[in-house]
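In the two complexes that follow, chain A is the common piece, with chain B as its partner first and chain C second.
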Partner chain A sequence: MAEVHDRPPEQFTLKLRRYDPESGGAPYWDEHTIELEPHRSVLEAILQARDRFDGSIGIRCSCRQAICGSCGIRVNGEPALACHTHLDAAKLSAENGVIEIEPMGNMPVIKDLIVDMDAVHWKKIQRVTPWLLAKQPVPEREYLVSKEAMVDVTQTMACIQCGACVSDCLAMEVDPGFIGPAALAKAYRFVGDPRDDEQFERLNDLAQDPQGIFDCTHCFKCVQACPKDVNPMGQIMRLRRIAIGDHHIVDQNNGERHEAAVTGLIRNYGLLHEAEMIPRSYGGNSWFAKFTPAAGKELLSSLPVIIKGVLRGKMNPKIAIFGHKIPSADLKAVQAIYDKIESRPERYELNLYIAGEDEETAPVAAAVAAGTSADGGETPDAGETPNAPTSPEGSANQ
Partner chain B sequence: MPAHDVLIIGAGLAGQRAALAAAEKGASVAIMSKVHPVRSHSVAAAGGINAAISVDDDWHSHAYDTVKGSDFLGDQDAIEVMCSEAPAEVMDLEHMGVTFHRNDKGEMDLRAFGGASMKRTAYVADITGQALLHVLYEQLLKHHETVARYEEWFTTSLLRDDAGNCCGAIARDVRSGQMEAFTAKNVILACGGAGQAYKPTTNGLIVTGDGIAMAYRAGAPLMDMEMVQYHPTCLVETGILITEGARGEGAHLLNANGERFMEKSAPNKMELASRDVVSRAEQIEINEGRGVGPNGAGIYLDITVVPRKRTLEALREIVNLGKDFAGVDITREPITIRPGQHYIMGGVKTDVDGRTPIDGLYAAGEVACVSVHGGNRLGANSLLDTLIFGRRSGEHAAARAASMGMPSVDANAQLLEDAARIDSIIARPREGRRVSEIKNELGETMNRSAAVFRDEAGLQAALETIARLREEADNAWIDDRGTVFNQDVLGAIELGYMVDCAETTVVAALERKESRGAQFRTDFPERNDGEWLKHIDITLGGDGAAGGPQVSYSPVTITQWEPEERKY
Partner chain C sequence: MKVAYWPGCVSRGFTPELHGSMAKVAPLLDIELVELDRACCTGAGVIAEHNQELADTLNARTFALAQQVDGAELMMNICSTCQGAQSECQERLDANAEYRAHVNTTLAAEGLTYETGLTNKNFLWLLVEEIGLESLAARVKRPLTNLKVGPFYGCYIVRPRERLGIDAEHPRDHYLDQVIDALGGTVIEYAGMRKCCGFPIITMNKEASLKQAGRHLGDAADADADCLVTPCPLCHLNLDLQQPLAAGVVGRELNMPVLHLPQLVGLALGLDPKELGLGRHVVKPTSVIDWSTSVVAAAA
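And now, the complex of A and B:
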């Protein structure tokens, strides 16, 4: 059967980072030029180089359709699945048009593009008790649970364990012990599953762990890296919200207090009040927090950073100490947003995975949009337009 | 030397299910796979799993649909076992944590699938295989104390004792290159099909017929090898699969004239006739010049008739596949597809407990042929097959293990032999052809001659080509001289496995001089129950590869359903 091509083949040059653990030598770059249609994948290009020029190029791969999760690599410095990256796009983002291919980061390299996922990724997965602790008694037939809850956890179920998010997690780079985006997304898969019996225990564990849910720095790298829209950072934020909002877990990492400090200060001042933030994060959400020993200690240890910030002009001492002033109408508008959101009977979650709402017939999306724009405020960021926020998530947490 | 009651080779759904079942029965279990378990190709199964769990359904109806789908070549005793045990199995999986899609009442939702007389396919969006595989792996992690995992270990041969019983395997740690002999009271093969013997195929690059070839070389008979399923909806260029769930949700197939041509061959079931019927109908449209796309080599799959919201929610994976691998928004325009190699109904012959005729050797899943699929497998019956017979194999092997001592076998000679074979491949001079060239030619040959339509001349030519490729494969050279992750040398061994699978497929296809299920012989276009209502078994001749494939027959078990004309 003849192959069908939309566009004629073109030449692409790949620059592969090779490493042979048996040679005793350092990693090196290896260039191959292959010929393929521009919409074919980087994986197909690597396989062509392997089949035609050098069979010793090491890469894990199997399905070629972004479901087995084997071929996580870095393309031009960014984590990706090789099979899920088009050659034309890769060439566009490449320097000098040469597509640079490296193994993933944050994990030791075994050979060429093959990294040791057991040493990092799978170890972290095991950290989160990655199996259902089923509610008893087990029913004779299926557990009766809401459709929304199952669709909701399917977003994290869709994780293919490729490691792309682990590869470029900035928090993990600084703290290799951080449980990390993939494992915490896996944790949400159980926390969000109404059949699981230990939601509180799981959340308390992950909140109290200094390398748990409050170790994430919101850098969005994992969201960008994920080829399956699992949105690991979003799942971490949901774990926090359920831990704090539903279970009122106060953690030893000051995560809960810090969140309360930030949201409380913004409600009161309209903008962050820098001088108050540290004391309240460590000493509790009140003006008197600064006199608690925990806050004092943290303030003292932060002094060098504060001084440096002031010297470099990143902070105005007056504003930092006395706080920002914004026009009272603006402050009222900010506080109206708080009132609106906090008065909702259920928490809305932005589950971009199931973009299951048609523009024309989107009852939930429409309700969310109408609810927020009634005050003249903006509709919450719904990502690309066809993706609308859906799935009121309360049912997942019952 | 590691020793276990049950050694499972392959860690897809069948293997993992077998491991859990054997461990639950108290056996010491090892599960070994050449890839990490969640990379196994079960992960790609999209659409769902069949079980008569609806209160309006009856497993007999599921069984009859399966028998009819098999074109009456399936063994009805085995089909009864599979279909009657399906509801409890699916419930067990739900209890383990599979996030099955729910209906408004909170019960498992069911979708329509090809060849089924009612909605009976449970699903997790269109990542059902992935959800099942990952949840089983969660269970393996939970049971880490009773199930030893050998991840990224490549099996090179099966061990047999003097009495001929299977008692372990030789394997190579892919990461270190270290060779090891594993003793076991029982070995369960669960390492999938042989799709990579075809090009293109929907199957992953790891699906290279390892288990089928190893069992065949150890003397086990293969059955129904001629029955190769072409899935009706694969992307034209890459062979990537578009789930049958699309048609289950209501999508249409259209030819160049915009006609729903399935009216001609399946006026009742239309697009949801069984896969062999739909693939043939498509191929006829293409062959007769009513195809679409470049060279008229495709057919339109029109998913735009499905409500967009439903598509985005229940067929999300293929929305992305369409976008990423064909540049098509399937919610807005039709996508061009064609039939592509997808599944082999045949495999290592087993009974309903997964036992092969070799004591101590079991097989389950696509590697095996029970036979529940006969001439054609129904969509969403493969996941079921892996789980039911994986579990039954694991249970039976554990029970057998409880009644016997650990075999004492001196595996050293075979270990050295396998190690020497690998060294000799690495040392081959760069003469002749590369592994990749031979593999390509093998795949193209099979896709040309042992595909939807077959005839004597094409099959004979294929057989001659395969004989030449076998010789070339025996001398094929590789680049990688290392031991750590030498995927190159493993590729050379896999090529040998694929050649065995291809050869037995073509021999069986030549033998069956009729058209039944997936086997359509243009020179014998009718089904002939008088002569061919029987299985073709292929055994390796006494002289090993030189003896070649030997053909024999075994009867089809009929319990309730006499063969009748098959209409959809």
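And now, the complex of A and C:
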């Protein structure tokens, strides 16, 4: 195979979103054709366009090796680091072969591809108290922390503050006050740190805030956007889990009640009982929830929807009242699984970022992606408490 | 083909027309559905948020039940959220033999074991990859000529790409477009087609949730879509059931019918709109689109 670096220069056309708020003019598109080897970066292409055709193109960059986080932009609608996106790949995902380059979303544009990170991203980072609130007394020398505990927070420490996840956050798109994926991932960096003294206070603050951990819509946009595999949404889910599971924080946003309602209803019925989900999410995980003022108010406001749904036959009255269940023997088996797992002294988790994947499973993953059945694989020995795959910490830091 | 069929909860609860229409469409596509009626809810991401091992074990139980179905080529679901939640659990179970063994210890109480290698596909993926677009097009009795359909993918079936097996060879995030096209309809692209419907935060931040639904519906209307189609019943709840409230939040008329994927396929395969449950929607497609002619066309 020929070395990729041996490929000769090619022409690439860039369609750049231009905007200078100070000019008073509207944003517009600008096209430039540059010539570079296909393995070179979109950043190099933008810089060449600036050098050769228009010195006024605004772009922020520094390290050119995907570590400083300065050159976050959108390439063909998707957030990316300009220096970390190859031209050939960008052309492949472009409509009609023209590479579309825009500034990141959810942040005001200062000029062309430069957005105001201070106004949004850094303000949100500051919101989560992004420093260690040390346990007292501070040791004379260093804190001694287990290696596993620190490995646990390395995933969030991999963040380079590029803002790609902020740019793509769908919750922030409709609710700009949402603390957002980058800042909440940063919050986990300290919530998960055994040296920090204010785990409860941090979590209570983020759970009670209407634009905190329960404002995330679970859309996976940030997971896909992150160039460093920080998995911000996964960190938000961990914050929720520790807030509810370990600290039993009952928030004013129905976050805890909603989780209790869904997990409780599935435990009781095996299936989701939708008609009970709403009142229980507002009034608490009980059949009587619907008679609480909070649930009553919500049901009243949803009355037009409920009436229409019933009239159209969307809601079978029998299922709406009694729910639907799986067969009783299966329900018992499901409940036995709940009992066994929920009674463990510590939650048991597998974080693939830390544990990695077994080598022998690679063909299976490939087969699934290819849409074909793979071999059955080995039947594992039953082991009650394996240690390798667990995330390093027990319940406190998961 | 015979499939172990996981319908999910909502398709049998608040969107019964989804499960019903799948049952009508399956024989026309030579799909034999063996319903996994012993399986429990996937947890829709909420159980995983509560306790990852619990979610993985409950879903491993479903996978093990699917593997017991004699002669089934794969497992099929009709809910994007189920697909996403199950794929996440399966990723962990398949990645690590010790973890899988640990989960199987719990399943052993029922004599069940999950072994790697289960293929689990949403009906959308199965349509394109197993039945094939050409074969699908060949079965069309009533092409959706002149019907402008906006695909609504939602989130769980398009992200994260690697986990869901989306790549250049398997552009699963474009399959709805391809299916609409194969059925003779016109694909309408609009801003919100791969965005969140808002359902996951309906009880936590109702205004933001309905604003999401309302904006996408409005975007589709502005792009001149006659209707939307979605592979996700939870998206359907926010886009159709809650549409009157969403219209209030975004302050505009929406009146956008939202079809379940099997309903759209069923229409093109010649089924009667009524037996596909189209009258059960809050925004009745029949009030906006004239299905009575052999060639489906937008109502005047």
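Please note the rule applied: the second predicted complex is superposed on the first by the 303 of 398 C-alpha atoms of A that agree within 3 Å, B and C clash if a C-alpha of one lies under 4 Å from a C-alpha of the other, contacts with A are read in each partner's own complex, and residues count from 1 in each chain.
Simple rule for what comes next: contacts are C-beta pairs under 8 Å (C-beta built on N, C-alpha and C of every residue); 3 or more make two chains touch, one makes a residue touch a chain.
None of these values were measured; they are calculated from a predicted model.
Trainee: With the two complexes superposed on chain A, say which partner A:Ile266 touches: chain B (first), chain C (second), both, or neither.
Mentor: second
Trainee: Look at A:His84 in the shared chain and tell me whether it touches chain B only, chain C only, both, or neither; answer first, second, both or neither.
Mentor: Only chain B is touched by A:His84; chain C is not.
Trainee: After lining up the shared chain so the two structures overlap, which partner does A:Arg312 touch, if you call chain B first and chain C second: first, second, both or neither?
Mentor: In the superposition, A:Arg312 touches chain C alone.
Trainee: Quick check for you: in the superposed arrangement, does A:Phe220 touch first (chain B), second (chain C), both or neither?
Mentor: A:Phe220 contacts chain C only, not chain B.
Trainee: Who does A:Asn106 touch here: chain B (first), chain C (second), both, or neither?
Mentor: Once the two structures are laid over each other on A, A:Asn106 reaches no partner at all.
Trainee: Tell me which of chain B and chain C touches more residues of chain A.
Mentor: Of the two chains, more chain A residues are contacted by C.
Trainee: After lining up the shared chain so the two structures overlap, which partner does A:Ile67 touch, if you call chain B first and chain C second: first, second, both or neither?
Mentor: Touch status of A:Ile67: first partner only.
Trainee: Should A:Ser167 be classified as contacting the first partner (chain B), the second (chain C), both, or neither?
Mentor: neither
Trainee: Take the contacts of chain A with chain B and those with chain C, and give the residues found in both.
Mentor: 355-358, 361
Trainee: Name, in rising order, each residue of chain A that touches chain B in their complex.
Mentor: Interface residues on chain A, with respect to chain B: 1-6, 20-22, 39, 50-52, 54-56, 58, 60-70, 84, 86, 110-112, 114, 117-118, 125-126, 130-132, 134, 138-147, 149-151, 153-154, 157-158, 160-161, 189-190, 193, 195, 353-358, 361.
Trainee: Over in the complex, which chain A residues touch chain C? Could you list them?
Mentor: The contact residues of chain A facing chain C are 92, 170-171, 173-175, 178, 210, 214-221, 223-224, 237, 240-241, 244-245, 253-255, 257-259, 262-263, 266, 270-275, 277-278, 281-282, 302, 304-305, 308-309, 312-316, 319, 324, 326-327, 330-331, 333-334, 336-338, 340-342, 344, 347-350, 352, 355-358, 360-361, 364-365, 367-386, 388-389, 398.
Trainee: Given the complex with chain A, which residues does chain B contribute to the contact?
Mentor: 35-36, 38-41, 43-44, 53, 91, 94-97, 99-109, 124-125, 127, 130-131, 134-135, 138-139, 141-142, 151, 175, 204-207, 236-238, 240-241, 293-295, 297-298, 307-310, 312-313, 316-317, 320-321, 324-325, 327, 336, 338, 434-437, 447-448, 478-488, 491
Trainee: Could you list, by residue number, the parts of chain C that touch chain A in their complex?
Mentor: That would be residues 9-10, 12-17, 37-41, 43-54, 56-58, 61, 73-74, 84, 90-92, 94-102, 104-106, 108-110, 113, 115-117, 119, 121, 125, 129-130, 155-156, 159-161, 165, 167-170, 195-196, 198, 200-201, 203-205, 208-209, 211-212, 215, 241-242, 244-245, 279-282, 284 of chain C.
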